[in-house]
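Below you'll find a set of structures to go through.
Look for chain A in each of the two complexes below; its partner is chain B in the first and chain C in the second.
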Partner chain A sequence: MIDINALISTIMNNQVNIPLLQPLLDPLLGMPVIGYIIALILWKPFFVLILIPGFATMGIMLLILPWIERKMVGRMQWRVGPREISPHTRGIIQLLADSLRFLFQEVIIHKDAHKLYFLQFPFLYFIPVLLPLLFINAGTAGNPLVPIQTDYALQIMVALISLMPVFILGVGWASNNRFSFIGTVREAFLYFAYEIPFIVVILAMIVLYGTSNTVGVIDKQSGVWWGIIQNPLAALTFFIATVMATARLPFEIPEADQEVSFGPFVEYSGIAFGLAYVMGYEKMYVLSAIMTMLFLGGGSGPVIPGLGDLSYGIWFVIKTLIVLVVMANLRGVYPRYRLDQGLRIGWGAMLILALIALGWSIVVMGVRL
Partner chain B sequence: MKKVATPEYDIKDKLKHHVSALSTAAKEVVMPLNVTTQYPRERRKMPDCFRGYILFDPERCISCFQCSFVCPANAIWMKEAPSGRYYPTLDYGKCIFCHFCVDTCPGGALKQTKIHDVAYKDMDEMFTLTEEMIEPPEIIREDEGYVDYVIDKEDLSLKRTKGIDKLIVDVAPSQGVPLVSLCVEPENCLGCGICEGMCESGAVSSLKEDGMVRMKIDVDKCTGCGLCVKECPMQILRLFRE
Partner chain C sequence: MEYKNANIRFLESGLLSPFKKWAAKWSLWPCHFITSCCGVELAHAFACGYDGERLGTLNMGISRQSNYIIIEGTITRKMARALQFVWGQMPDPKFVNVIGACGERGGIFWNSYNITHPSDIVPIDFFIPGCPVTPEALLRGVRATQDKIIGKDRKTIEFKKVELPFEKRLKERMVPTSPKLFAPTPAIKVDVKSEVDWGKELENKLKKELDGLYKSITITGKNSIAIRTAQENLMEVARKLRDQMKMDHVKSVNVIEVPHERKFIVEYVVSSYSVEELMPVLVTVFTEMGVKDAKIQSLTSLWESANYSEREMHEFFGVLFDGNEGMGKKFILAPDTPDLPLRKEFKLPDERYVFEKSVTPEFMVPIEPPKDLYIPISEEFVEDAYASDEIVVPIGPHHAGSGHLRVTFRIKGDIIVDAIPEPGFVHRSMEKLAETKLYVQNIPLFERLAINDPVNMNLGYVRTIEKALGIEVPERAQYLRTIMAELSRIEAFYYDAAIFSLFFGHTTGFMYSMAIREMIIEALMRMTGSRSGPSFLVPGGIRRDIPDDVLGLTDNITFAIHKRMKKFEDIFVNNPVTIARAKGVGVLTKEDAIRCGMVGPFLRASGVNYDIRKIAPYEVYDKLDWEVTTGDDGDCLGRFLGRLEEIKQSVRIVKQAVDAVKGIKGAVLSEDVLGEYKEASSDIKGNFFRVFGNLVLPKGEWTTITEAGRGTLLFSIISDGESNVPYRVRVMTPCWMNLRGFMEALKGARYADFWAVYGSFGYFPPEADR
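And now, the complex of A and B:
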């Protein structure tokens, strides 16, 4: 039998503190049913997971990020970018319009596709993408904002992120198309090329911080001693690995529109294509959030008066957005590498950089001890 | 043998190039140049000599067939009018907009415009009859301004001006290249007199010599219209520059 009162007191003792909204929330908390719902939403782990920087923020990012990307890359290339839908807001609802179109389009499943897996995998992909959000710490030193505290948080995150390409491989296999096969094989090649430096870099940061608990990771980045200052090589390698993992230019090798026309997702149409389209952006968001947490000091920043705990969340989202925008804008700067060039970068330069970063961490740890 | 190889860059060059690419991108994000014309709402200002839709003035036409001769795409076909004269028709399905016909017209009957956005429902409609070439086609104007592409020292930039750009240009009618018709092989002349009958300016005259008819072309009267050249059965007449 669950003790309801103990549960309620657990929730009430761990509330998000927002001084500015407190006068508004107090009367609501007093109400019978609404009070419990508000209390649940303001329960720290729940608040972090659902609102900032969890699902709600991710949803907004998914709607806005493609627009930011298209607009900024358009400016780089002397174009205008999306404009015709709502010209007064510079076309900000473009993706909303696109997703509406996807929603009402016919989903074509061709004869040779494995129907079950073909429809399943874009949905199943949400599992490894959304679960890392459970361990992301958006707080600062001494003020953790994390849904689940565990000593194995980083390891679980790496495991879940390593699981993502498996779903893409499944998508490509179920599509049963020559282009999707080529894209899938390229994805598999790249997977090993970036995954090993990625794991080595995470290992370097675990060595540097002496813990894999995300609360401890943020605690070790107090003041200006962010991870990127403590180990810049690891940050660079992590960033390149993130770009490779999300198949963004210049490593858009598996999806290469001009060669294999969106690779593993070539057979998708309608809302299934919409899901496949946001898959990359979901992965980008999660990896950028991890980068913010590991290297950019989480939610640390000048405290915004009156917002309390929300201030950390806002700083965390701003930093994540900056990482995302930089990553998205590489599209306007670099052309695509060939597969062999991508593999050479992964197995060559990145692996060397990652190993140097690991050595650096070990040396820094040795000096500290 | 010289082999072509990829340029060798050391790590310093590579870093320099990466930084240069990224900083250029950042500069363009902050201060972008823009070369997009929002077409139906504004038009690009074309120069007056733009080779667009061709208008026709029957008053100036001397039915000389020059446009039809010169057309490299065989788009101009001369059609007989009720008056017995021949006027050009233009098939825009074939026209390549070289405007040789406009340049070659001795009377300046064909005239260029800046209209470049004409739509047809089918291929047959693209065959434009003489009477349709006299008036410009109906255009629905949505534009409120026009755009000038200005090339300054560094880059290309746009200059936007309010107001409607005039698509029908006022240019002096082409004077054409002054040409005269001359007989290149008088010994092959049949003396049929067709050229004399065709000539509208009375430059060709016939005279009897030793019991044979000889044709004579008065260079001062010849307008260089080329009607006699077209009609000569022996094809011994040519047009020459004056």
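And now, the complex of A and C:
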């Protein structure tokens, strides 16, 4: 039997504190059913997972991030980007139209495809992409905002991120198309190239922070001693690995649309492609959030008066957005590397950088001890 | 067609209809179907000048994910298959727009044997007229589709009848052109002796070398010699020419059919890259043979550069080139194209100007929608590839990163073992069409070889006529033609640079190049009145004088693009990733380049100093100060940088020419062609067909070479001396000549290098396929 009262007291003792909204929330909390729902939403782990920086923020990001990308790249290219759909808001709802269009479009399953897997994999792909959000700490030192606290948080995240390409391989295999085959093979090659430096860098940070609990990670970045200052090489390597993992330019090798026509996703249409299209941005968001947490001090920043805990969340989202925008801007600056060049960078420069970062961490730890 | 408006019906059904309509309206992702000229304007419409992305239309190019086809111009019989296939692959609801005149009823190619009407193949939502359409019109077409989606009915437009004051006068006038005069039994002679003071030495040398093998050696003009030989001696003559005379490449392979004499004339135009004195010389080796067993030894074993042209001639005329591996196979034409289309017995319908009510053009070839997707790869080929641990990847004709060319790769690992080209997706049969048009009507036709390099295409054709008629062009016109030709060269380069950067996934480079192109187009538009199809050059000069203020603007534009060129170089050319991708890739050595008969900047990039503007100067290139750019690397980066350097020289030429032309006053049309219409010497308007309608070229073959944007452009006109239409026109475009080297450069490269090589060659399928 679950002890209801103990559960309620757990929830009530761990509420998000937003002074500005408190006068508004207090009468609501007093109401019979609504009160419990509000209390549940304001329960810290739930709040973090559902609102900031969890699903709701991610949903909004997914809607505006492609727009930001298209607008910024457009500005770099002496043009305006999407606009006429809502001229007064500069076309901010463009992606809504695109996704609705995908939703209402026919989904074609060609006869050579493995029907079951062809439809399954894009949906299954959601799982490893969404789950790392459970361990992201958006708080600051002494004020954790994390859904699940565990001592193995970073290891679980790495495991889940390593799982992502497996689903892409499945997608490509089920498509049974030449270009998706080539794209899948490229993805598989590239996966090893970025995955090892990625893991080594995470290891370097675990060594540096002395813990793999995300709460501990944020605690070790108090003040201006963000991870990027403690170990800049690791931050650089992590960023490059993120760009590679999300197949952004200049490492847009598996999905190069001029070469392999979106690679694994070439046969997808309608909402299935819409999912795949959005998935790339989702992956970007999750990895940027991890980067913010590991290297940019999580939610630390000047406290916005009156917002209390929410202020940390807002700082966290702002930092994530900055990382995302930098990544999106790469599209306007760089062409695409060839597969072998990408692999050389992964197995060469990045691995060396990652190992130096690991060595650096060990030295720093030694000095500290 | 029962499918008509099914998409609209789908959007209007159900409770969610407003959302469906709204989403479809603002998310039309076009699957661009760049078939020919209009594709250039599509690039402009979606580049930074017009920015089609404002409307929410994002160019996609992948059939499964787009919902909108923009068919750009001519759909040939080969391309019709791809169109049908792509349309079938697209998910509903989908919309189709056709832009350009040739997508409607054929436009300028209306009587071609190789085109189809897109409306017979897929249901069309809107036709957008223009040849080529302007980007404004194209985007208006997108808006019209959006309006149709949300239910504003634009299916029927009622025209108001207006009384035009000049209607009566029009009726009294005759047809706007002269009637065509065909000689019933034309006398064809390709070696008409010319009285020029040139070449005695060379003639004697040839006579000595080829003793006993030739029938006659004739000097047919400055820098051209014709050798008549017997069918069985051709091989031996060719070998002598190659080994003793160092004639190392073939510029053109041509077949002329003379039906009433039941004979074919097969000729090879050869020239040399290795001997400097022989560079401008064109040696025509020809032989005659009966129509019945037209068979000749292929010269591919001697000259690799003859390979594709021989296959082409085999397809057009049925002459068998024994020894060429492509005999009996389709190369350019589709399986349902009429056989042997360039023979005289295959007649195209003639043009008619006044259509009476409800009379459709008599040329209604029953064009059925194609039933199969024709891929000329045998099963053995695929089996063989799989047996040796390779995969076969066909790319094109509709791929996000290819023009309308199909290349079939055999890939081992990531390395291209073999590349088999299949051109002809934009084959609009220019050579045959030219035989049904007056000499002067062919000017706009040949401009459409490469609409992104229009003036050079015109210049090549017009110079051939001028050579035949012996016309001296006034100096002012020569300067103006030089200015326009160089602007056109810059235009062609920046189109290729745009495509090159797009192939690397670098959209910013694409946009910057297109911005520069937009400015050049503006200058050409102020001069000629047309964005990209000026047809401004006429035999004897140009259509009308260009005022000084427009020339001043041209001068300003050369300054203005300078800053933007710098920005383009900063972001794309000096980008470390670009250099990594292009350096050392797709290398063509000097020997390979000569063997494959490369032309233009791509030949120069391999270290051969060959520029027609220097070796046989035309217009005023010899009066201006500029340098030829050559390189040694012969890789993608070298080719690209070489062209970039060449463009800087072009800007230099334009500046000098603009300065010079301001001081030269006078007529812009030669008195030799004007005859009694002297008043037209500064503006041909009103006298055009009176002056040019009955132009007849003297008997013989007239060949010129011109340095177009992408290399040597060879025009060869065969005239019978009586008709006012050409008997045969042979066009060898730079891209066609470069195709062999392009395929050679691919071997041993990586799969992803295809796009680097493709972009560096600036391969433009309409130009290659003609």
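In this section, the second predicted complex is superposed on the first by the 369 of 369 C-alpha atoms of A that agree within 3 Å, B and C clash if a C-alpha of one lies under 4 Å from a C-alpha of the other, contacts with A are read in each partner's own complex, and residues count from 1 in each chain.
In this text, contacts are C-beta pairs under 8 Å (C-beta built on N, C-alpha and C of every residue); 3 or more make two chains touch, one makes a residue touch a chain.
Note that the structure is predicted; figures quoted are calculated from it, not measured.
Trainee: In the superposed model on chain A, is it clash or fit for chain B and chain C?
Mentor: By the criteria stated at the top, chain C and chain B clash after superposition.
Trainee: Report for A:Val107: first if it touches chain B alone, second if chain C alone, otherwise both or neither.
Mentor: The answer is second: A:Val107 touches chain C but not chain B.
Trainee: Of the two partner chains, chain B (first) and chain C (second), which one does A:Lys115 touch, if any: first, second, both, or neither?
Mentor: A:Lys115 sits against neither chain B nor chain C.
Trainee: Between chain B and chain C, whom does A:Ala256 touch in the aligned arrangement: first, second, both, or neither?
Mentor: In the superposed model, A:Ala256 contacts chain C only, not chain B.
Trainee: Classify the contacts of A:Met72 with the two partner chains as first (chain B alone), second (chain C alone), both, or neither.
Mentor: After superposing on A, A:Met72 lies in contact with chain B but is clear of chain C.
Trainee: After lining up the shared chain so the two structures overlap, which partner does A:Val80 touch, if you call chain B first and chain C second: first, second, both or neither?
Mentor: both
Trainee: Which partner, chain B or chain C, is in contact with more residues of chain A?
Mentor: C
Trainee: Between chain B (first) and chain C (second), which does A:Asn329 come into contact with in this model arrangement: first, second, both, or neither?
Mentor: first
Trainee: Return first, second, both or neither, reflecting whether A:Glu267 touches chain B, chain C, both chains, or no partner chain.
Mentor: Touch status of A:Glu267: second partner only.
Trainee: Under the contact rule defined above, give the chain A residues that sit at the interface with chain B and also at the interface with chain C.
Mentor: The answer is residues 76-80, 332-334 of chain A.
Trainee: State the interface residues of chain A toward chain C in the complex, per the touch definition above.
Mentor: Touching chain C: residues 70, 73-74, 76-85, 91, 94, 96-98, 100-101, 103-108, 178, 182, 249-250, 252-253, 256-259, 261-262, 266-270, 273, 331-341 of chain A.
Trainee: Across the complex, what residues on chain A touch chain B?
Mentor: Chain A reaches chain B through residues 72, 75-80, 329, 332-334.
Trainee: Give every residue of chain C touching chain A within the complex, in rising order.
Mentor: So the residues of chain C touching chain A come out as 16, 19-20, 22-27, 47-48, 51, 53-56, 58, 61-62, 64-65, 67, 89-93, 391, 393, 399-401, 414, 501-509, 511-512, 515, 571-572, 575, 577-578, 580-581, 750-755.
Trainee: Within the complex, which stretch of chain B touches chain A?
Mentor: Interface residues on chain B, with respect to chain A: 21-22, 24-25, 28-29, 32-36.
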